[in-house]
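The following blocks contain the structures, represented as structure tokens.
Same chain, two partners: chain A is paired with chain B first, then with chain C.
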Partner chain A sequence: MKTARKKRKFEWGYLLLLPGLGYILFFLAGATGMMIAQSFGLFNYTAESRFSLEYWRGILNETFVDDLLYSLKIAVCASLLCICIAYPLALIIKKLPGERTILSLVKIPMFIPALVASLLILNIIDYHGILNIILVRLQIIEEPLRLRNDSWGVAALLIQAWKNIPFMLIIMYSAVEAVRRDVIDAARNLGAGRLAVFTQIIVPLTLPSALVSVILVFIRVFNDYVISKTAGPLYPNTISNLMHVTAYLYNDWPSAACIGCLMVITAVSFVSAYTYLSKKLMQNL
Partner chain B sequence: MEKEFSAQLTRKLLRYLVPFAIIVILIAWIGVPMAYCFLWSAVDPDYPWSYPDPLPQKLSLFHWRYILENTNILGAVGSSFFIAGCTTILSFLLALPTSYALGRRQLKGAGFFKTLMLLPLVLPGMAMAIFLGRMLMKMGLSGTYTGVILAHTLMGVPYMMRILVVSFESVPQDLVDAASNLGATAFTRFAEVYFPMVLPGLVAGSIFTFINSMEEFNLTFIIGLPTVKTIPTVLFSYLGESFARTRASVVSLILLIPNLTLLLITERFIKTEYMGAALGKM
Partner chain C sequence: MAEGLSLKNITKRFGNFTALNHVSFDIKPGEFVTLLGPSGCGKTTLLRIIAGFLEPDEGEVWFGDQKMNDVPPHKRNTAMCFQSYALFPHKTVYENIRFGLRMRKVPASQHRALVEEAMAMVNLTGLENRKPYELSGGQQQRVALARSVVVRPNILLFDEPLSNLDAKLREKVRVEIRDLQRKLGITAIYVTHDQSEALAISDTIISMNQGAIIQKSDPRTIYDRPVSKFIADFIGTANLVPCTVTRQQGSLFQVQSPYGMLLAEDKDFPHDSGEYYLCIRPEDVRPVLDGEPAGEDNILEGVVKNSIYMGNTLDLFARVQTEPLRASVWKDYHIEEGTRIRFAVPRSKIRILEG
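Moving on to the complex of A and B:
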């Protein structure tokens, strides 16, 4: 009798998962299924629908590789740049008076959409932006820099950093804040110096969050469409842009679906490799 | 003695100078771009602002008037708010039971489900938008408000659930037990114990979902156009397809004002722990 009741309660709990998770899985499965089916030539809108592998054969061309490398480059650079600034800053802020003001200010860029962020920073770094005017007045450079739509993607990187450093700072700050005071006190009582507390307690306890935030920023930048579209190089641009152009400009939906599949595969394999490596790192620490 | 005193003084000075410097840098970090945006939105078209003038020669409200009179920006503002409001309510209704189950019931595989619900935030936005758009088109919802709201909810539910799960987890079990012992029914338990305790999380989650929907671009761009226009899609037409800096600045400010006002009013609800929960700590 007792076990039967327990069992019924158990199933009820799983039923409660349905509204939230069911909704997510239904639409994600639909979208992903559509993507995979279209990449093999099914559900074709512009030509006859039939199963074929021809779209997959032609996908690994020069444009695709260039765009993929560009996306990866910006994503890796932006996530490394952000963690190099946000991690030390989070550690410093925790120790200072006025941390509440700093945190309130940091929250603002998080609520500024990527499109607006792009415009805000473009205004600053453009040919006649304040940055160039100051640098020329200080006689550091003679001619204003042309950062916008440059071939490397400096402007896109700067905008990503502007948007993502606060995001990372919030994650890192909540990690630093979660380090319990008594653990540090205990270590101090046992004779640990400031440096030992830092390297043996604070760093190991906050490193997991740092590793997670790096991959989160990596994914956000890798998946980006608008920032590189508005401020990045004309060629190569992001893989999202290539997919959008292929679908809407060339009306080549099956190839766009192939690009989408490859994009998901790249992101997932990057994340899994990274998670595996960071787990190894944490074990060895 | 004197040396020690001066060392102490330096340390004290540093303790206040460093945060001061950080705050100043942050204000410049955010304030200068904003000020520039304001200036650009108010440039008089007869006196163009070009290199090497650090400030525009003359300000006027020409572009503001132009945008308000000649484009349907107010309609876009209205539909942005409508979509964001519906998305928030729908996300809340969908997320509440699931986060209760994940936060309070010791379900097997809860960790797996918690990772699973982050999927919409991790998968490439453009790919999801394009093929979700295809799926909604098959369902006959492309270009409708329903379609856009359903798509935005897909992105809102994960945020809402992450924050609500954390709030439900932090309700102390003895409070719930005490209520049960005193004869509270399931409904009373929920209304009198759980609800007040998860309310701050609920507010934070709603703000997140609302703002996320306000600024969602990819999904609206693919699914909503040409019928459903929100502020970001209008902005993109001045920023991505053709570049009109002054008009883009006006539309940006129109988008920023509600977002930042909302943030200002509700700032105290958005604790860093919720933000950490919603964004990181997978």
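Moving on to the complex of A and C:
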């Protein structure tokens, strides 16, 4: 009797996992499985559903490669630009009086949706934007500069930086703040000047956070749709845009699913390689 | 080489709060000095001024014959052991200890030998490649100690280095610190609020309160002949009661106190009469059993309220007239609570103090 009750309790206990595990299984594994199946022609909404490899054969065309390279380029550039600004900024803010106020002000871009941010910045750099008006009035340039939808993606890069620096700054600021005062004092006491304290203590202790924040921003920018759509080049554009166009404009859901699969594979392999390299770097430090 | 140290009129304020108020003292080369006082008395501030982490608002810091006020911390040849150890978490034990050598541009060819020597001094050999988080508290403190002595500083600074260790280990490490300092002949300044640690480790104790020095003397003097009620109370335990004093002749005083009329022999007390405090250490109180002669000693008669067996002593909390009296007596006495008893206190063991 006793053992039977014990056994039943044990089985019911698994149900407690449902809210977490069920969520993961249904939305993550389920959706990913659907995507993989769709890429092979199954669950096709727009045509007859049947297994086929033709979508995978057709996907690796020039447009896809260009868009993939563009996505990687903008993600690498944006995450490097962000860390180059956020890291020194975190160190400077730590030294300033009123650091809390500055920090909460700097966080504001985090609460502004990407679309709004994009349009805000476009108002500044647009053909008839504030920047061009000022430059023309001051007779520095004769014709307004084409800054949005430029072929390299400078506008998109700027907006990505504007949107992601605060996010990175929060991570970097807490990393800088976590370096204990007495550890720095100990270093100074043992003969370390300002530069040595920075290179020997502060950098090695904050580098793990810097590495993590770079990869987080990389993923955010790599997967971006809105900012590139509004401010990025007309061609090439991000992989997300390509996927959207393929699914909704060309009504080709299986090909869009292939793009989705490749996006996930690229992101995961990039993150894995990066994680491996950063581990090596930290070990050698 | 060991160097002496002089502080001249050091004053430090934080806003309206005066942390140090015209503090001056000299320390001889090779001396082990403890700054002792309750928290907030300014002892750590003083240590940080000596290390150069804080600048005094007034006054001068001298190492030997060199004025150090404008010398930044990394150019003063001091080495500090922190309460939190402050080891570099990302470096191995070996790299932690070597850090000071690298910073002070000691030729790299000497590093290994110097680090190994320092590690041997504090019994850390074999732990070179561990990270600080893999060590126990005592081991971490030893790494901090090795890291400090390896650079051969002129002055070693300790900021409550043992307060995070358990009692047994504390006693062990403090003996090691003392031995090491003697062997290397380095001047040491040690901050603590633990009076037994200060008594055990120092050549000289500088007792501080509210940003000022109250007494500077060797451990025996500061314990036996405290100059004020504050020190008698802070260092060790003491029975302290208000009293009226009249000088009889020489150093003999008649003392009217809640314990009754007593005679005290105090060579240091400068005044002839007035209202002061008398101080009796519990271990100077001796029970007088029936039939025992008391000689010239003062006799205090009371009732034992609590009798607590401590192992090494028997602690008695008695009431003499209306006043509590604490006595710490030989452990083999069997004295029950409620016993009426006579206590003897030698005249020379009663000290008269200003409030």
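Here, the second predicted complex is superposed on the first by the 259 of 285 C-alpha atoms of A that agree within 3 Å, B and C clash if a C-alpha of one lies under 4 Å from a C-alpha of the other, contacts with A are read in each partner's own complex, and residues count from 1 in each chain.
Note that in this section a residue touches a chain if its C-beta (ideal position, glycine included) is under 8 Å from a C-beta of that chain, and two chains touch if they have at least 3 such contacts.
Values in this document were obtained by computation on a predicted structure and should not be read as measured data.
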Room on chain A for both chain B and chain C (clash or fit): fit
Touched partner set for A:Ile93, first chain B, second chain C, both or neither: first
Which of chain B and chain C A:Leu81 touches, first, second, both or neither: neither
Touched partner set for A:Leu72, first chain B, second chain C, both or neither: neither
Chain touching more of chain A, residue-wise (chain B, chain C): B
Contacts of A:Val226 with chain B and chain C, given as first, second, both or neither: first
First, second, both or neither for A:Ile112, with chain B first and chain C second: first
Partner chain in contact with A:Leu135 - chain B first, chain C second, else both or neither: neither
Chain B versus chain C as contact partner of A:Gln200, first or second or both or neither: second
Minimum C-alpha separation between chain B and chain C after superposing on chain A, in Å: 10
Touching both chain B and chain C, residues of chain A: none
Residue ranges of chain A in contact with chain B within the complex: 13-14, 16-21, 23-25, 27-28, 30-32, 34-35, 38, 43, 89, 92-93, 96-99, 101-116, 118-124, 127-130, 132-133, 136, 144, 162, 167, 170-171, 173-175, 177, 209, 212-213, 216, 219, 222-223, 225-226, 229-230, 240-241, 243-244, 247, 256-257, 259-260, 263-264, 267, 271
Complex interface listing, chain B residues touching chain A: 15-16, 18-20, 22-23, 26-27, 29-30, 32-34, 36-37, 40, 49-54, 93-102, 105, 107, 113, 116-117, 119-120, 122-128, 130-132, 134-135, 138, 150-151, 153-154, 157-158, 161, 211, 214-215, 217-218, 232, 235-236, 239-240, 245, 248-249, 252, 255-256, 259-260, 263, 267, 270, 272-273, 275-276, 279-282
Parts of chain A lying in touch with chain C, wherever the complex brings them together: 180, 182-183, 185-193, 196, 200-201, 204-205, 285
Partner chain A, residues of chain C touching it in the complex: 51-53, 72-75, 78-80, 82-84, 86-90, 99-100, 103-104, 147, 151, 157
